[in-house]
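What follows are several structures.
In the two assemblies presented below, chain A is common to both, partnered first by chain B and then by chain C.
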Partner chain A sequence: MAPRVVVIGSGPAGVRAAQALVEAGLRPIVIDEGRRDGGQIYRRQPEGFSRSYDTLYGTEAERAASLHASFDALKSMIDYLPETLVWNISPNAVHLVSGTRYRTLAFDSLIVCSGATDRLMPVKGWHQAGAYSLGGAQVALKSQGCAIGSRIVMMGSGPLLYLVAAQYVKAGAQVAAVLDTSTFMQRVAALPRLLAIPAALKKGIALTRVLTQARVPVHRGVQPVEIKGSPHDGVSGVEVALPGGERLEIACDAVALGYHLRPETQLADLAGCRFLFDADTQQWLPQIDDDGRGSVKGVYLAGDGARVRGADAAERSGRLAALAVLHDHGMHVEGMERLRRELARFTRFAAGLRAAFPWPAKFAASLPDETIVCRCEAITAGELRRVVRATGAQEANRAKAFSRVGMGRCQGRYCGHAGAEIIAAAASVPLASVGRLRGQAPVKPLPVALTEASTEALTKAASTEASAEISE
Partner chain B sequence: MSAATHNEADVIVIGGGIMGTTTAFFLRRRKRSVILLERGLTGQQASGVNFGGIRRQGRALPQLAMANRALRTWQRSAELLGEDIEFLPVGHTRVCYHQKDVENFDQYAIDARAYGLDLEVLHGEALFRRFPFLGREVLAASISPFDGHANPRLAAPAFGRAAARLGARVVENTEIVRVEKEAGRFRVQSARGDVYWAAQLVICAGAWASRLSEQFGEAAPLTTHGPQMCVTEPVPYVFKSSMGVFTSIKEESIYFRQIPRGNIIVGGGPPGPADALTCRASVLPINTVRQLAQMRRLVPALAPLNVIRVWSGVESYLPDGEPVIGPSSKVDGLFYAFGFNGAGFQIGPGVGETMAELLGTGNAAIPLDVFSIARFAKQPVASSTVAAS
Partner chain C sequence: MNGRFVRLAEQGRKTFAITVDGVVREAAEGDTLMVALLTGARTLRDSEFGDGRRAGFCLMGACQDCWVWTAAGERVRACSTPAAPGMSMVTKLAEAGEGVWPRA
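What follows is the complex of A and B.
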């Protein structure tokens, strides 16, 4: 009997994984939280919106169109469950919620393509209305065609900083400044590795040209000081320290923040995958082999949700993980070696990006005590430090239990990295020894109104083979 | 007798949950030297993951004296500990859906009064006037006005730190594998090979206690289960009293409390799997789903909220539903407090104070015979006593 394969996510990795499975004669189940396929990077606009691919995706228009077309062609050959959240995973079963309806699906193999979100470092004032992540700012533009403000500052580091700024400029928004915490010299030092993917490097340079032409001020090597504003009126400006030490204040009504990306690893965690501390990116990542096999048999991880290497790499790692599934089920597959070789180049390029736009770990130790770290629970850096000192908590989950940092609705997805840095600095221990916040279901908030599908419906769903699409 | 040498003290307490930390705390108040040995971190297992109910009503009547004693410590906790463990004496209310349970409420209220627990039982209209948000299937409410809830994540670690401030030696990350009595003293050895000595030994190691007690020929038939907990996003603070459903139908047996910052904590229903060997316990997804259905039945207005987290932990149970508290029936100087059947949090400080009294004076103000480990000697006990369920 054909293995029952569940793919979570229909971004670049998920779509290519599904495609490879279909080519092998399987009928995978593709589950996506979003309303439409494409993931974050190739997010499709809502029905009734008519912006062109060029307008929406710029230099990536062709890839977006290709991915969307591939998925459209797959739809009749897969069971596609959009607007469906996998909120928990138990051995060989995913637990779903769609609207308020709960059900579970058994799997033989699971490919998790859960994508990435912004890696964030707190800054004083970042909890105020008008402060967004760079990814969030991009979603607003891509999905709804609206800007996050009328005068916008982009701050942080990473390729997304320049991409989103350029996209906003092209869309006609006023970008007041791009404030980059990384330095020009860091970029030069990373150049050899960035040359692993020359086309990507070229695109990056083109983005800065867009900003130059639009006369958007770009400051490098800055240290964020404060996002100014008030509870009533929200963001009113951004203050940074320039490399020479002098302060720069820029008026704005919105700010987008981000320091490159972090993989969304909660599903891998709930699936029981082992995590290892990655010294290079200074974070805990699920252990995978070259093909994306996690430490739990039958669980595969692909795309930026496993390793942040970008969308082009995600298409390849998605396909490679699917080939690994087929191989592990004793089927003959071809092309794995080529994909591994290509991915190695992206891995090198990604290392270059991290060197060019480093995570500013050192900022955590110097955050003023009054800075809110955990925005869900409104816990300040000072309170977290106090807890570390008063209770001796030096481990992330222990500090969470005492301080509530990471205990809110995002479960530390946005504050976990910075929280760990603050704990490490306050306790004078290495970051790796602080550990990581254990994932707990639900991955995202689960409605109390949740209703159980009837047993019959569950059985039926669980036994659907190559028949009709599973639908509500 | 107050100073502990590095590895020797008057008393060794094994297990840093709510029983062990409070025992150490009250022993120090009696000026006994104490070493508290904890395998992981204090309050990390059942004591830290439970619902946080400070609930006396509903307990078997022989537990009430101890529960009353515990409540007095909870009431003084801020003063005793020098920090806030979020004890809120906002009341605890039991409600029921079935007529036979209404009769039970009425009878229990009469019986409990003799033990110093005053309850108010409301029926029909009166209960909906008091609690207008309750689902209309509810038939009666039994209110215990001085009970309430506290934060289990904070309580045991705070007692542990307070004990340490009073001079107890609290040794974390130290798993004890071997216990024996040698020439009138207890010799306690860790997995690392460290050895500790004391004249008296208290074993309050929760689900792991029987591994130690069986070394003295007193195995206890512990089984393990995981409580199924969840918490909602914060909403305005309106539910002051902690509430729970009393029923013989396990699926209906849910409970909830709201904390002033707004989150509503929910537990109850069938337990999930818990494994003492791996220290892992999980929330079965279907249990969460059914728990939420019961929540809507109890308080229909909660339907629009969202659950943001679930959790569980390793709790230990004994076949008769009563804990083991008191002296060994075989070895002088050896004492036990474990197997609290998912209801140990509230009573913990009462047990700790009573143990300290018992160790110091040889007598306890509260009768402990019904909690003796000797009751399990009368029946055959399974050889491996840490059973996963």
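What follows is the complex of A and C.
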């Protein structure tokens, strides 16, 4: 009998994985949280919107169109479940919720293509209305044709900083400034690795030209000081320290923040995959082999949800993971070696990007005590430091239990990395020894209203945490 | 009232009425609730932890900082919920029948 393969996600990795499975004669089940395919990077605008691929995706228009067309052609040959959240995974079964309807699906093989979200470092005032993630600012424009404000500052580091700023400029938004925490010299030092994918490097340089031509001020090597504003009206300005130490304040009504991306690894965690501390990215990542096999038999990880290497790499790692599934089921496959070779170049390029736009770990230790770290529950850096000192909690989950940092409804997605840095600095221990926040089911808050049939399915599947969350 | 979000494209869409905190506002076909609300107001919702008003953060269903309430008291995520004709939304904790949440 043909193996039952479940693919989570219909971004670049998920679509190419599904395509490879269909080519081999299988009928995979593709589950996606979104209303339409494309993932975040190639997110499709709502039905009835009229902007062209060129307008929406710029230099990536052809790739976006190709991915969407591939998925449209696959639809009759797969079982596609949009607007469906995988909220838990147990051995060989995924637990789903769509609206208020719950169900459980068994699988022989699972390919998790869960994508990435912005990696965030808190700054004083970032909880105020009008502060968004860079990815969020991009979604507002791409998916809804809106700018996040009438005068916008983009702050942080990474390719998305320049991409979103350039997209906003092209769409006619007023970008007040681009404030980059990385330096020009870091970019120069990263150049040899960035040359692994010359076309991508060229596109990056073109983005900075868009900003120069639009006379958008770009400051490099800055340290964020504060997002100014008021509790009732939100953001009114941004203050940074320039490399020479002098302060710069820019008036704005919105700010987009981000320091590159972090993989969404909760599902890999719930599937039981082993995680290892990655010294290069300074984060815990699920262990995978070159083809995307996780440490649990039958579980494969692909795309930015496994390793942040960008959309082009995600298409390849998605396909490669699917070929690995087929191979592991004893089927004959071709092309794995070529995909591995191509991915190695993207891996080198991604390391170059991290060196060019480094995660500013050192900022965590110098955040003023009154800075909110956990946006969900408005918990400050000072409170987290106090808990570390008072209780001796030097491990992420212990510190979370005492401080509630990481316990809020984002489940540590936006405070977890900075929280770990703050704990490490307060306890004077290496970041790796702080550990990582354990993934919890449900991976996102669930609707409270349940149908009776759903409740039965849920009772069978639910962990105790899930039940507690639902019955709140 | 000035809005926070600024419409830059897709401006020719049909519009319909929704109600926000008892005030009738205009939304466009294809708008998420978040866009419908924030094109007409500076903020989206009360923080449950007493630090003021919020306006969402990630726009991709990950941060949960855009929860608002229907008039019937149901909690919805504004960034991933389409606006629909006749919707009546509440953005204030007190009117949603909730107080500031306890932290301990």
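Basically, the second predicted complex is superposed on the first by the 451 of 472 C-alpha atoms of A that agree within 3 Å, B and C clash if a C-alpha of one lies under 4 Å from a C-alpha of the other, contacts with A are read in each partner's own complex, and residues count from 1 in each chain.
Rule of thumb we're sticking to: contacts are C-beta pairs under 8 Å (C-beta built on N, C-alpha and C of every residue); 3 or more make two chains touch, one makes a residue touch a chain.
Quick caveat: nothing in here was measured; it's all calculated off a predicted structure.
Student: First (chain B), second (chain C), both or neither: which does A:Arg409 touch?
Tutor: In the superposition, A:Arg409 contacts both chain B and chain C.
Student: In the superposed arrangement, which partner chain does A:Pro445 touch: chain B (first), chain C (second), both, or neither?
Tutor: both
Student: Could you say whether A:Tyr102 touches chain B, chain C, both of them, or neither, answering first, second, both or neither?
Tutor: In the superposition, A:Tyr102 touches chain B alone.
Student: Go through the superposed model and pick first if A:Ser90 touches only chain B, second if only chain C, both, or neither.
Tutor: A:Ser90: touches chain B, not chain C.
Student: Scan A:Tyr300 for contacts with chain B and chain C and give back first, second, both or neither.
Tutor: neither
Student: Taking the superposition as given, does A:Phe346 touch the first partner, chain B, the second, chain C, both, or neither?
Tutor: So A:Phe346 meets neither chain B nor chain C here.
Student: Under the stated touch criterion, name the partner, chain B or chain C, that contacts more residues in chain A.
Tutor: Partner touching more chain A residues in the overlay: C.
Student: Could you say whether A:Phe357 touches chain B, chain C, both of them, or neither, answering first, second, both or neither?
Tutor: neither
Student: Of all the chain A residues, which ones make contact with chain B and with chain C?
Tutor: The overlap between the chain B and chain C interfaces on chain A comprises residues 377, 408-409, 445, 448-449.
Student: Looking at the complex, which residues from chain C come into contact with chain A?
Tutor: 4-11, 13, 29-32, 35, 39, 42-44, 47-65, 74-75, 79-80, 82, 101, 103
Student: Mind pulling up the chain A residues that touch chain B in the complex?
Tutor: These residues of chain A touch chain B: 87-88, 90, 95, 102, 104, 377, 391, 395, 398, 401-402, 407-409, 411, 440-442, 445-452.
Student: For the complex, give me every residue of chain B touching chain A.
Tutor: Within the complex, chain B contacts chain A at residues 41, 44, 48, 153-154, 157, 161, 232-233, 261, 282-286, 288-290, 292-293, 295-296, 302-311.
Student: Which residues of chain A touch chain C in their complex?
Tutor: Checking each residue of chain A against chain C gives 33, 35, 40, 45-51, 55, 117-118, 127-133, 135-137, 139-141, 143-150, 171-173, 230-234, 253-254, 264, 372, 375-379, 404, 408-410, 413-414, 444-445, 448-449.
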